[in-house]
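The same subunit A turns up in both complexes below, where it pairs with subunit B and then with subunit C.
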Partner chain A sequence: MEVESGYGFRQLFSGLGCSFRKFMFSILSVGPIPDHIAFIMDGNRRFAKKQHLVEGDGHRAGYKSLISILNYCYELGVKYITVYAFSIENFKRQPEEVQLLMDLLVEKIEDLLRDGSIVTKYGMRLYFIGNLGLLSGAVRAAAEKAMRATAHNTRAMLLICVAYTSCDEMVHAVQVSCREKVDETRPLWKSELSGVCNGRWVDEGGKNHSDIQMDEGIPIIKTGDVERNMYMSVAPDPNIVIRSSGETRLSNFLLWQTAYSPLYSPAALWPEISLWHLVWVVLDFQRKHSYLQRKRKQS
Partner chain B sequence: MLPLRSSVSLEKKLLSFSRNSCPSTITQSLLFPSHGRLVQLKTAVSATGVAHREDDKGVNTGMASTWDLSEPEPLPPGLLRELMPRHVAVVMDGNARWARRRGLPASSGHEAGVQSLRELIELCVKWGIRVLTVFAFSSENWFRPKGEVDFLMGLFERVMESELQNIHRQGVQISTIGDSSKLPKSLQKLLSRAEQYTKDNSQLHMIVAISYSGRSDITQACKRIARKVKDGVICLEDIDEKLIEGELETSFSDFPSPDLLIRTSGELRLSNFLLWQLAYTELFFAQTLWPDFRKTEFVEALHSFQQRQRRYGSRNS
Partner chain C sequence: MVTTDSIRRSSARIAQMPSFALSVLWFLIHLVISIFFIVLGIADAVENYLISSGFLKRYDAINVGKLRYLAIVVDSEDAMQINKALKLLQWLTDIGVKHVCLYDSEGVLKKSKEIILERLSCAKLYEEGDEKSVLDSKTMIIEFTSQSDGKEALVRAANLLLKRLRSLGENQEEKIFTEAQMTEALKAVGSGGPEPDLLLVYGPARCHLGFPAWRLRYTEIVHMGPLDSMKYGSLLKSIYNFTLVRQNYGK
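Up next, the complex of A and B:
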């Protein structure tokens, strides 16, 4: 009887909590809701130390925290969420820790693809963003399977940055942009018959390519060209970046995409991040939204 | 023989005394162990209370705050020499808000902001910071009202003209980054002259980002690389982080990546400033508006920086 009543109370409080959260979200929804939030999930190991747990349990606690935050965000109406799961620099850690994280990643990818998971609940599409060639075969296969399995989902998007650094992403974007532009000029030559120079190019079939702006013999590369070739081009730029554990740096995360994003660094370690941190950040975002929109329109 | 630190403290006390009293000339004899010689320095206090230092040949060497020493000055209490950042970057935000709060036009705020910059440069020279990058004008700022933009261009010219000698005397080398083609011709010439005039200085390298955009910086690096690929100088496979870094506008600097970035006025964003270079930079967001950002606030930012654990993705243990 006592166990049953204890369970009953928990259900009651859980239900009340859920109702209160929905009520709070309905108030927040009166104002602008960020379209895209990015998280740097920092502090799992420190949490494990603080709670006297083994290191792996800190990362597991971090995963639970991630699922909670994802639930809150998608409930609130956020469409895109990006998380910094594993940096290329993290490969320099102890091999045991790297292996533990890779094993956890594979395990959790499988959990996400099960029926009843958050992926199916919110119609979420998964993207794994990074230099996936650096991952082991098993991890890469799991990531690619998850992307294929959720490719038809359109309601929300979860971008998991793994084997990622922003500099590596930009190197890739620069390589692809250079390849594109250099390839564009290969079949072209200046039209001698028309006597035109300075940017009038025709191909072997005589088709005019005067829309291609040239600069010293190659098409001009614009900011949009580089941006289009970023791994993160599948989503708009984040409206907000949140880094847990109080560290105020980006650590090579979305350097290009966060050029105009407000950055928040609550002191809580990642497994301690709660609904209230999210609510506070969204409220602050709403307070500054019209000012930031004005600033953006000026650019 | 007095140790260097206590001789410096004595000097400062005497200067303070001299500033508070009637204009006078006082002579202090200090032995600098690092130089191994006795240096006689006269400090003349002008009618405005500003102290100027003269060497033993009677030549005015500039402001009393300028130390003609090869070693940096002692740091404020609590700051450790070995944890000082080598490169500090600053987003000087809040001039217009500062003026608005006082019922003044935005131009007054920008002029007040010049004082803060002057003090920051002096402090960086004194404390041995090697590079200071200041975000003076972004590429997005061209969309501000024409009157404000014209005023800012005029202010940059006036400040550069009036401060060049002082900056040069402090051993500051000036460089600029950004799309200078959009600047007025007179300002372009002035900046070019300033860079040439100060190119051999080595106390502090001040990089002025004017008409600058972090994304454009990366894009222009991409263009330069594409040209090299087209000319056969490099292959596509050669493109890596080091190559891109070498083509960024900051590639001339000994320390292109800031250790610490300070943004004033409470805004929590980078605003398209030095994006690649800020990968592992510690960010400090100060509530103070730029014209109010002085030594106390800078020391607070440095304290915060020195508390931080920089891991660059790995572990400390």
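Up next, the complex of A and C:
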């Protein structure tokens, strides 16, 4: 009887909380709601230390926090969410920690693909953004499976940055753009020049062509080409970046895409991030929205 | 007694609440927030006075040597107030900052660089290699940047790498497309300045407004408010707080 009434009270409070949250979101929705929010999930290790937990439990607590925040964001009407799960720089951590994070990633990818998960609830498409070639076979396979399994979803998008840095993304986009231009002009190129001699292109007569203006009449790379080849081109630029733990830097995250994305740095560690941090950020975003829209249009 | 059924009915009623009532509530919440920021502004002004007058002793001896390179992002509309920019640079000279990069997306400050350098007695224009030079106590090196040093510069560097790819051949692709080569290419196209340690944003929002992305990896980004209401105390406090930061760089 006591257990039943205890369960009843929890349902009651949970229901009241849910109603209050929907009420808050109805008020917030009077103003502009960001289309895309990016999160730097900083502070899991510090949380584990603070709570005297084993290190892996800090990351698990971080995952729970992520699911809560995703629920709030999608409920509010945010369509795209990007999270910085693992940087290329993080490979420099202790191998045991890196392995723990990779195992956790595979485990949570499988959780996300189960029936009844947040992915099915919000019709979410998953993208894994980054240099996936740096991941081990098992992790890459799990990521690719998740992307294939959710490819038909269109209501919302979750972009998980793994083995990612902005600099690596920019170099990759430039490399792909260069390959495209070379492929576009390949027939012209091969007919004029026959081979390499001492590192310089020469024709059949041995004449050195290194000084030819190779871009005369040949397409050059434009800003749109680089943007199209960014890993993040699948989503619009973020409206907001939120970094937990009070740190005020982007740490090689979305540097190209955040020219007009205000950065918020709540002091809470990632597992401590709450609905109220999100509400505050959205309210401040609404205060600055017309300025940011104007700046985006001018750019 | 409140039951789950009654909660469901309340949720349904909330969904039907007239939009006018929600608009009024939204407006009231924003009004309260605006009042909060006004009160915060007054508290900041008091703190600024205390810092500028030297009452807060911890700001007396700032280890400004830790700040090797400072960037200032200004909203282009605010950047038209050249006198404000000059005053800011003068403050930075007084604090002892040696290397400053000024950025505004439209290049308003870049167009006024002769006037700025003339009016500041001990400033010189940045040249490549200056970040390693040892300066006397009064000289400050200033770099002027705009959006042509941001995405546009990266695209120019991309075209340089494309030329290299064409001249060296596709089998050299892995050697051409590295971060080190990109840094070199950016230098070659004239946008190879160093990464700032600290970036101060003077404008309505804390965003970098297109500052060269390649140089922002681990830069601390601090919002200073509009240039109109800039304060010496805030500047000193931001630099002081920077000297306390410790970074892991991903490890």
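Keep this in mind: the second predicted complex is superposed on the first by the 268 of 299 C-alpha atoms of A that agree within 3 Å, B and C clash if a C-alpha of one lies under 4 Å from a C-alpha of the other, contacts with A are read in each partner's own complex, and residues count from 1 in each chain.
The rule is simple: a residue touches a chain if its C-beta (ideal position, glycine included) is under 8 Å from a C-beta of that chain, and two chains touch if they have at least 3 such contacts.
Keep in mind that what you see is a predicted model, and the values were worked out from it rather than measured.
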item: Combined model on subunit A: subunit C and subunit B, fit or clash; value: clash
item: Partner chain(s) touched by A:16 [first = subunit B, second = subunit C, both, neither]; value: second
item: Touching partner for A:90 - first (subunit B), second (subunit C), both, neither; value: both
item: Which of subunit B and subunit C A:283 touches, first, second, both or neither; value: second
item: Which superposed partner A:261 touches (first subunit B, second subunit C, both, neither); value: both
item: First (subunit B), second (subunit C), both or neither touched by A:248; value: both
item: When both partners are placed on the shared chain, which of subunit B and subunit C touches more of subunit A; value: C
item: Which superposed partner A:221 touches (first subunit B, second subunit C, both, neither); value: both
item: Touching both subunit B and subunit C, residues of subunit A; value: 87-90, 92-93, 165-168, 170-171, 174-175, 177-179, 181-182, 215, 220-223, 226, 248-252, 255-256, 258-264, 295, 298-299
item: Complex contact set, residues of subunit A against subunit C; value: 11-12, 15-16, 18-19, 22-23, 26-31, 87-90, 92-93, 165-168, 170-172, 174-175, 177-179, 181-182, 189, 196, 199-201, 210, 214-215, 220-223, 226, 248-252, 255-256, 258-264, 283-284, 286-288, 291-292, 295, 298-299
item: Subunit A contact footprint on subunit B (complex, rising order); value: 140, 143-144, 214-216, 218-219, 221-223, 225-227, 229-230, 236, 239-241, 244, 267-272, 275-276, 278-285, 308, 312-315
item: Subunit B-facing residues of subunit A, complex; value: 45, 87-90, 92-94, 97, 165-168, 170-171, 173-175, 177-179, 181-182, 185, 215-218, 220-223, 225-227, 247-252, 255-256, 258-264, 295, 298-299
item: Subunit A contact footprint on subunit C (complex, rising order); value: 2-4, 7-8, 10-11, 14-15, 17, 19, 22-23, 25-26, 29-30, 33-34, 105, 147, 150-152, 154-155, 157-159, 161-163, 165-170, 173, 177-179, 182, 204-211, 213-214, 216-222, 247, 249-251
